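Shared between the two complexes below is subunit A, which pairs with subunit B and subunit C, respectively.
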Partner chain A sequence: MDFGFGIAPSSTINLDKVDRSRFTRLHELEPDVYKCMACGSCSSTCPAGRFSGMSVRKVILALQRGKEKEAVRMLKGCMLCGKCSMVCPRGINTRHLILSICRIYNEEQQ
Partner chain B sequence: MKENIVIIGGGAAGLEAAGQLIRLGYSPIIVEKEDHLGGHLAEWHCLFPDMTPASDIVGRLAGAVSDANIFTNTEILFINHLKDSYNVMLSNGVSIIARVILFTTGFRLFDAARKEEYGYGIYNQVITNSDLEHWFRTGDDDRIGSVPMEAVGFVHCVGSRDEKAGNAQCSKVCCITAVKQAIEMKKRFPDAMVYCFYMDLRMFGKKYEDFYISAQRDYGVRFIRGRVSEVSENIEGKVVVKAEDTLAGKPVRVTLDLLVLMAGMVCNPDSTKVASMIPLQTDSDGFLKSKDNILEITSSSRKGIFYAGACTGPKTVPETLAEARSAALDIHNFIESL
Partner chain C sequence: MIYQGKQKIWSEYQKEIPDDHWFYVRSCIRQNFFPGAEVMFMKICREELGKDIYETPYHTTCGGIAYHCDTIPQETVMTIVARQFSLMTEAGYENYAASCITSFGNYIEILETWNEFPEVETKIRELLWKACRREFVKPKYVAHASDLIYKFRNDIAARAKYRLVNRKTGEPLRVVEHIGCHYSKMFPSKGVGGAEYPYVLCGMIESWGGNVIDYPERRHCCGYGFRQYHVKANRGYSIANTHKKFESMEPYHPDMIITNCPGCPYFMDRWQYAISEIEGKTYGENGYGIPVLTYEEVASLVLGYDPWDIGLQLHQVAVEPLLDKMGIPYNPDEKYKGLNHKDIMRPELPGVLKCC
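Let's look at the complex of A and B:
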């Protein structure tokens, strides 16, 4: 039957269904990833962010919410300049973290 | 009672403890390195959450110790550990043999100039929470009010929750102080936009949340969730602030006539210096280490050495006073047990 409208897919993040295996591996490699307090210093300093949408804060969040594709897309905008590492108040080596994310998530994508 | 009790520091903690010890019949000796009593309280204008004038509190605390032996402008030169007591040598030539020493050496305000990206000491219109209290109290600061105050910003967590600055701890009082100061600025400059840049708002105390709601609803203070990453000065001498508005997920920039840095509470080097003479341990946050952080907050691991107030970590005035009373009782019990 056609009602003349469709039901949009739910935008709810269903934490029951999030696959945590890759993030668990990332956390083993980069224990500090859980220290992020989402302050936004990294995104605010990032020279690429304004144009490419890259944000370390958003990447860390997206990965934990199962939005891996979105995170990987954002990472493409990173120039690995390391400015974000210099400002992170939680002392996270964000540049190193980005490299580890690329390694773990890119190999899975292929 | 002839029992020497040396209280190092004449701030809120030292004064309250001395007052209680006097009531218990002792004659404590207060050693204060500055020329006045009251510590940091003497520098603040009105206190959250009821806007009580800080000078009233200092007046009452100091009034209760008028009979005590007070040495101002005096420092501790050295402390020698004798068999059952300590020999305390003061910079004024007085030497005291005491079985009890109470540390009420307080905190130090984080030096905001160390966060170079915020421009304190470089840009004229960047001040600290302490500078603002000074202006509220004395009206004496050319940076405030001499130019129109159309937009004012507060930066939370300056030198706190910041591993780069070497202080991972939260300073506890600066969120509510920012709310208080933001309201005060709105009262003085009703047309100004007032922004608070925060990461988390810590409104843990009695009536703090009411204060926060009032800042939003009654005064229109705007809260932006994001840590300021950079401050610069434009050609007109205004400050330009950059941050990420993490709720919008977008970078924000705003031009301000005044930027107030909420410098945090860090361990006081004057405190650690004297502590090292005994020696006493410091905790992982740099503050003096209590014997136990739940049961024995006012005790050190050394016999006869006690603590009260912000020398063991960031604290509000009521917390400081409660600890001072508790330390006085602990000291009384200790002396009775000797």
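Let's look at the complex of A and C:
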């Protein structure tokens, strides 16, 4: 029977089944990645966000949850303008972080 | 379950529940869902236990649903509640008993706010006076109606004609207790047993002979969550919550579920039908669902009232398998007859969920 709605799929993520080795490497290169408090200042100031769906906040969250493909796809919209670095309240060099993410997560594809 | 640890927690969260003279306020939605529940509460308190419980026809909704749906500000809810308190003052009572869990949470939240911010109370007194020329005295005790049945659970057990025991095997029935979120999750000290292990329904189950089931999602929401259900686009989240709860309790084979909230029995009862239609899955034995009852309905069954007189025919999930287990006699021909023996019409049977 069609009620016009169904059972929403579970958003539970089992972190025991997620390979976090590359995130650990990222943390070694960029210890500041753990400083992020997901405030979203970077995303709100991003000039590419409105058009490409790019969001540094979402990228960090996706990497922590093992959704690497989603994160790399989002990063393709980044123009490396560096505005996010200027507004980060925790002083994270987000531009450098993005470059490191690209280096680590694109290695296997090369 | 590790019983001793939980008993320690229960013993720390106890509240004073006066013995008699209560001003009772009904729920605004409950009588549409399970009309027998509140009637039976009054009957048990007045006729079985001989208590003084007063209610007034001038009582209105507490505004809790609108408040939790973000459609009215808290000052409006406070003024509505202040009017209810003025009705209690007018009737000469100082103990306030709410039938609804959300109302109970609402009253507690408002009284605590007035306690912390007396200037808000002064403002609300002014608003009430301007709106309807009324004044009020704050209640001395606020309790949920289930607190009262909890207090008198042993008196009910002493008068019991049936117990929560499988008549054929002699084993205690496996009972899931589900507490409404607004009972003690907001103010743990205001509920019997606190927020994590509320004892209010466990106490009743144990007194009446049943066995309480402990399962992983025991404290999970029933799925109502006002804004999740009221907006159709969000109903998938509502049913997903209920689905999660049933999946979690399924391995423990519960015989029944007892609740103390207006929304919980309704959603856990009706969503079993919706889940069966969407997924083709049922959670009871032999294609039936798990009967979901309110604590008043269970108390009435235990005291020997006729199942159809307390409105059990209005449940989506058939209660007959539970009645058979408890050994309670019932006449299937009388199921869809009203109190005046007029036909109240039979509902269409579901496609998957087995009903009698």
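Here are a few things to note about the model shown:
Methods note: the second predicted complex is superposed on the first by the 97 of 110 C-alpha atoms of A that agree within 3 Å, B and C clash if a C-alpha of one lies under 4 Å from a C-alpha of the other, contacts with A are read in each partner's own complex, and residues count from 1 in each chain.
By definition in this document, contacts are C-beta pairs under 8 Å (C-beta built on N, C-alpha and C of every residue); 3 or more make two chains touch, one makes a residue touch a chain.
It should be emphasised that the depicted structure is a prediction, and the values quoted were computed from it without experimental measurement.
Contacts of A:C39 after superposition on the shared chain: subunit B is touched, whereas subunit C is not. When subunit B and subunit C are set side by side, the one touching more residues of subunit A is B. Once the two complexes are laid over each other on the shared chain, residue contacts for A:V87 go to subunit B alone; subunit C is not touched.
Shared-chain residue A:F51: touches no atom of subunit B or subunit C.
Shared-chain residue A:I7: touches subunit C; no touch with subunit B.
Applying the stated touch rule to the two superposed structures, the subunit B and subunit C interfaces on subunit A have no residue in common. The touching residues of subunit C, when paired with subunit A in their complex, are 232-233, 235-237, 239-240, 243-244, 274-275, 277-279, 351. Put simply, subunit A touches subunit B in their complex at residues 37-41, 43-45, 49-50, 55, 57-58, 87-91.
Of all residues in subunit A, those touching subunit C in their complex are 1, 3-10. On the side of subunit B, the complex with subunit A involves touching residues 117, 157, 161-165, 199-200, 225-230, 242-246, 249, 251.
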